[in-house]
Amino acid sequence: MRVGILGATGYSGAVLFSLLKQHPQVTEIDLYGHEGQSTARRLLADEIPAFSNAALPIVPFVPQDIMATTDCLFCATPAGITKNLMEPFIAQNFPVIDLSGDYRLKDPTQYEKWYHKKAAPSHLLKEAAYGLSEFLTHPGHYIANPGCYATATLLGLAPLALKKLIEPTSIIVDAKSGISGAGKKLSATSHYTFINENACLYKINEHQHIPEIMQQLQQWNAAIPAIQFTTTLIPITRGIMVTIYAKAAAGLTATQIQAAYAQVYAQSPFVRLRNHGFPTIQDVKGSNYCDIGYNYNPKTNTITVVATIDNLLKGAAGQAVQNFNKLSGFTETAGLPELPSFP
Amino acid sequence: MRVGILGATGYSGAVLFSLLKQHPQVTEIDLYGHEGQSTARRLLADEIPAFSNAALPIVPFVPQDIMATTDCLFCATPAGITKNLMEPFIAQNFPVIDLSGDYRLKDPTQYEKWYHKKAAPSHLLKEAAYGLSEFLTHPGHYIANPGCYATATLLGLAPLALKKLIEPTSIIVDAKSGISGAGKKLSATSHYTFINENACLYKINEHQHIPEIMQQLQQWNAAIPAIQFTTTLIPITRGIMVTIYAKAAAGLTATQIQAAYAQVYAQSPFVRLRNHGFPTIQDVKGSNYCDIGYNYNPKTNTITVVATIDNLLKGAAGQAVQNFNKLSGFTETAGLPELPSFP
Amino acid sequence: MRVGILGATGYSGAVLFSLLKQHPQVTEIDLYGHEGQSTARRLLADEIPAFSNAALPIVPFVPQDIMATTDCLFCATPAGITKNLMEPFIAQNFPVIDLSGDYRLKDPTQYEKWYHKKAAPSHLLKEAAYGLSEFLTHPGHYIANPGCYATATLLGLAPLALKKLIEPTSIIVDAKSGISGAGKKLSATSHYTFINENACLYKINEHQHIPEIMQQLQQWNAAIPAIQFTTTLIPITRGIMVTIYAKAAAGLTATQIQAAYAQVYAQSPFVRLRNHGFPTIQDVKGSNYCDIGYNYNPKTNTITVVATIDNLLKGAAGQAVQNFNKLSGFTETAGLPELPSFP
Amino acid sequence: MRVGILGATGYSGAVLFSLLKQHPQVTEIDLYGHEGQSTARRLLADEIPAFSNAALPIVPFVPQDIMATTDCLFCATPAGITKNLMEPFIAQNFPVIDLSGDYRLKDPTQYEKWYHKKAAPSHLLKEAAYGLSEFLTHPGHYIANPGCYATATLLGLAPLALKKLIEPTSIIVDAKSGISGAGKKLSATSHYTFINENACLYKINEHQHIPEIMQQLQQWNAAIPAIQFTTTLIPITRGIMVTIYAKAAAGLTATQIQAAYAQVYAQSPFVRLRNHGFPTIQDVKGSNYCDIGYNYNPKTNTITVVATIDNLLKGAAGQAVQNFNKLSGFTETAGLPELPSFP
């Protein structure tokens, strides 16, 4: 297959390019820069010195040409770009994997509230499938790849929510993230001297991944009214750890918890469950795995779940490839590393 | 005053030595190594190259000599040392600031359960005051300096607990800590290649600071039955951030929360409250401050409190000096830095 | 092919295992633990939580069995192990890639001087080829994979040494290395609180890679009598940067330097030359590339060369696979990542 | 004394403010923002959350007012500011410590070449003393505080240059620096995701500290024509390590080297010499010390010198206070920490 990437010069796009280069079913990759972007008409190697052997040109984004020459389009763009560009692709049922947040929320007013931007039209939004791979049964043509925090949080919570093992009002998510999640754009919180030797909460109760988490959670369990979701930057480049706390439903046993996780993820090659202990971020770095551990504390009647992912793999480009595999009928694991990059 | 330090070669002891060297009321410092310790009869400069200008000998620990020549003893020892050594000092009401956990818990069975060691005798334990400085009204002679996690957690929770602003069963503490808290002793979790670019939970529901937190919380509010307390190592050398979640009591207003914090800490020079936003670890590094921010989320009825400290200052040596000042009748801030070491 | 790894639980061994798992010509991997090692008869997944999906047993090391069932043996062992174990393999011309230093030095007295251990017998040493891949023309059967520092230093110096572009007595190498090079074994210099926010020279004029660098350099240019070689640990997990300084030979031009590098590495897929500027460590992380930049300063008549590698890839497991490819007649790049893991 | 600071919101200015707050001879500190700077008329606490207890206003910079109310002015400004502002202070012999590079170079054409800015007038430049404290015998009124790299390099080289122990054309300086040296301003090389887990050379043969190093070196030893000076960023916040290489002069003995260092620094409280081994960056962090170690390798006839400093203390604000003490006739060590902040 020949595939295209819009936005290969950002972190997610670069990882996506690397993965697709190794993908056994991908024979050619085209790179596009959108209008106004300074990278269009340059080489990928000029933008990313680490890819100095990738002398691929970044060409302007022309939808009809893309649809004529390639088989699938990946969009690794910041929020606010694809909502204006995707109509022709959706109109023609052309396969798209969109890593941005523009098509994740079904309700345009939610997008506008959390993203502070105008939403894509409703008739386009409804064509997009929310691509949490482990639960994506009908990919359709347009996949809205989930946010990094949403991926870890939802995979961690799914068995508890689906099996109704927790008190619906008690969910608290304390998420820790590496700095690559904030992207290549310079910012005060990504300045080395600020965030090194530091930890810093941000977007208190305002993170734009909250509504996509709620949208999915409520599909699983309509009784969940809201979650307390907090994000803390920690000084690492890659990785997310979400620590989830919830009160156990009445009468719950530890065996039930274990059975729920085992059952829900029985067919999921990228979810690795721990029988005891919790995963670390190092355990998943450079891989598409989501490692999950859980613990029940009878003294506080609290279940603690820890889920770790590489934010650029399972939280972005890796899951995009996984979704591409599902969309294209390939083996789910095709082109994805079998082992994390340890150490 | 002339003071002594038992255990100046560990991280807390080294910081303590530095602070006392600058203390306006301290004229001389003696260093002791306890029996069996290889450092006895060496120089501090040999143990800590950064202190190469401190050619002070470490002499054997002889209680009667210490009491004869000095005015106060600091113990910066690991758990399990002072419980066997302090009887003569307590018997003579000699001023001691003990940074270890050996005299923090009034109930010896609790110590034995959480520390997996035999406790100090009860008649000695009852002579020790728990030295959370901001709440230490009767220092007595023997001060059990609090644990680092306990300090941040208790200072963050005190107004909520004292003023009964939260549901007593709902407290969750997600604590993040730098690696210096684990001490100088080599260990797998302190190995650079393990913990760099990583985050790692440890001692799940088994951290030995839990019982001292509970002991103090229940003095403030007997209705609190337990807390969910989780510790995560993050790759920084110094600093602790505790993120505390609790459900608000019925009818609580944001103004009440603010008033509670303002009132409880009105006389506390080392607690700095944020009117908005949350503190970072960098905000307190190298200082004795505990910075506290709080937020109420009406959607989840949850109060989030964030407290940050330097684990070796307010979490250990700094609070020890603050307690020394209280014990000795000096200004509370004497010998402690006025500003954090920014950046 | 079916291959075996002796020592897959260390850092180099783990990376080697990951690479071989993805290698298109490798169908099966066996893992061995040598006598006395506590890992024998355990699973790889027990030793490396990041590899929890690799439930491969580590079986005892029995040479005849290995030669009977596999096609090539990799040894990712510390110095001092293979010198006692390899006789049967060498006797039968069985293909071995030895990542340790035991067979790199032709002169056993040099090994004994720098490694402070008894050397392998001379008749075995002479059967081993020094496996600096870019210059390995006759692999033979037993390849002594070069040290990480040696790889970066030699690749950086080769064109200057071969083409006699520098004053032979003027070579100074200032090498910076990440901490994974020191291995999994706990040590004071690998303790997080020591090396984080620090930089530290070690093994001043005593590093055991010096003799293998000299052995190769003198083959290229017998006039080089010695090099000044200094190693500094910096707080990163992976990567080596060597900064090489040498006085230019009389009459040298910048064009000659560029031509020398271009010519020497014209056929080397894993050496990437910079036309201007110097490479960073990030440019090569997670890849088998050695990136090289150079600069001539007429004011000081000094050539500065910077070479960067991933110490566990091109500096260990990656070069081992590259050598395996050469030994086996596969494409030199087979099984090795095409792009670094950016960011 | 009452002192003023122009530019207290940058990293050097913040450290300077902290030091002066603890200085026994300083009773009051005024803060100034220069025209056009957005910080003027704000509070220091607004600019630096870590200083939230420092509710000091930043007032506009009015030379006559400053000279009327204070006793000494510190300028912690980027290059290019003080060259336009200092005439009135110099005209009236008002004490100024200038941390910027604007008055370090006696030759204005050198400033213009290396800084790419118009220089201060020559008649003002000649009033400024280069403030390398250990060699500052006649402070005058206007002290140009040295650059961070220049401080470490010059202190490391001084005994060798003064005593003519090295070949004058052979000096190579390989300097490693933390990221705080690049200041608060956002930049691609200070972006966390770029420089974390990385090392990066910059300003190859173009660093603006080269001319001030040469200016001073040639005063010590006119035979030194040039130095090879290379700067590498490493992922730490604070600290500089310079590794200096030079060929030994004919007939040199190790004893002579030791004697030279001991003699030159016999009266220097902030230079700590190592009898064996090399200092680390951690050894000096948070202090005004310059730690120096040296080694002679007979095989290469090379002397290696390692000097480490905290770039914001001895490399900026600490040395400024040391110079202030010399200028004011105070004890050289007044207001400066006696011990590094270990760990």
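So that you can tell them apart, the chains are marked A, B, C and D in the order they are listed, and the count of residues begins at 1 in each.
Just so it is clear, a residue touches a chain if its C-beta (ideal position, glycine included) is under 8 Å from a C-beta of that chain, and two chains touch if they have at least 3 such contacts.
No experiment lies behind these values; they were computed from the predicted model shown.
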(request) Find out how few touching-chain steps suffice to connect chain B with chain D. (result) 1
(message) As a test of understanding: of all chains, whose mean C-alpha position lies farthest from that of chain C?
(response) B
(message) A-B versus A-D: which interface comes out with more C-beta contact pairs?
(response) A-B
(message) Taking the mean of the CA coordinates per chain, how far is chain A from chain D in Å?
(response) 46
(message) Centroid from C-alpha atoms only, then distance chain A to chain B, rounded to Å. What do you get?
(response) 39
(request) List, in ascending order, every residue of chain D touching at least 2 other chains. (result) 11, 180, 193, 196-197, 235-238, 280, 282, 285, 343
(message) Using the definition of touching given at the top, classify the network of chains in this structure as line, ring, star, complete or other.
(response) complete
(request) Would you tell me which residues of chain B are touching chain A in their complex? (result) 169, 172, 174, 176, 178, 193-194, 196-201, 204-205, 225-228, 230, 232, 234-239, 241, 243, 245, 277-278, 280-282, 285, 295, 297, 299-302, 304, 306, 308, 343
(request) Could you please specify the touching residues of chain B with respect to chain D in the complex? (result) 11, 14-15, 17-18, 21-22, 48-54, 180, 197, 237-238, 272, 274, 279-280, 282-287, 289, 291, 312, 337-343
(request) State the interface residues of chain A toward chain D in the complex, per the touch definition above. (result) 11, 179-180, 182, 184, 186-188, 190-193, 195-197, 235-237
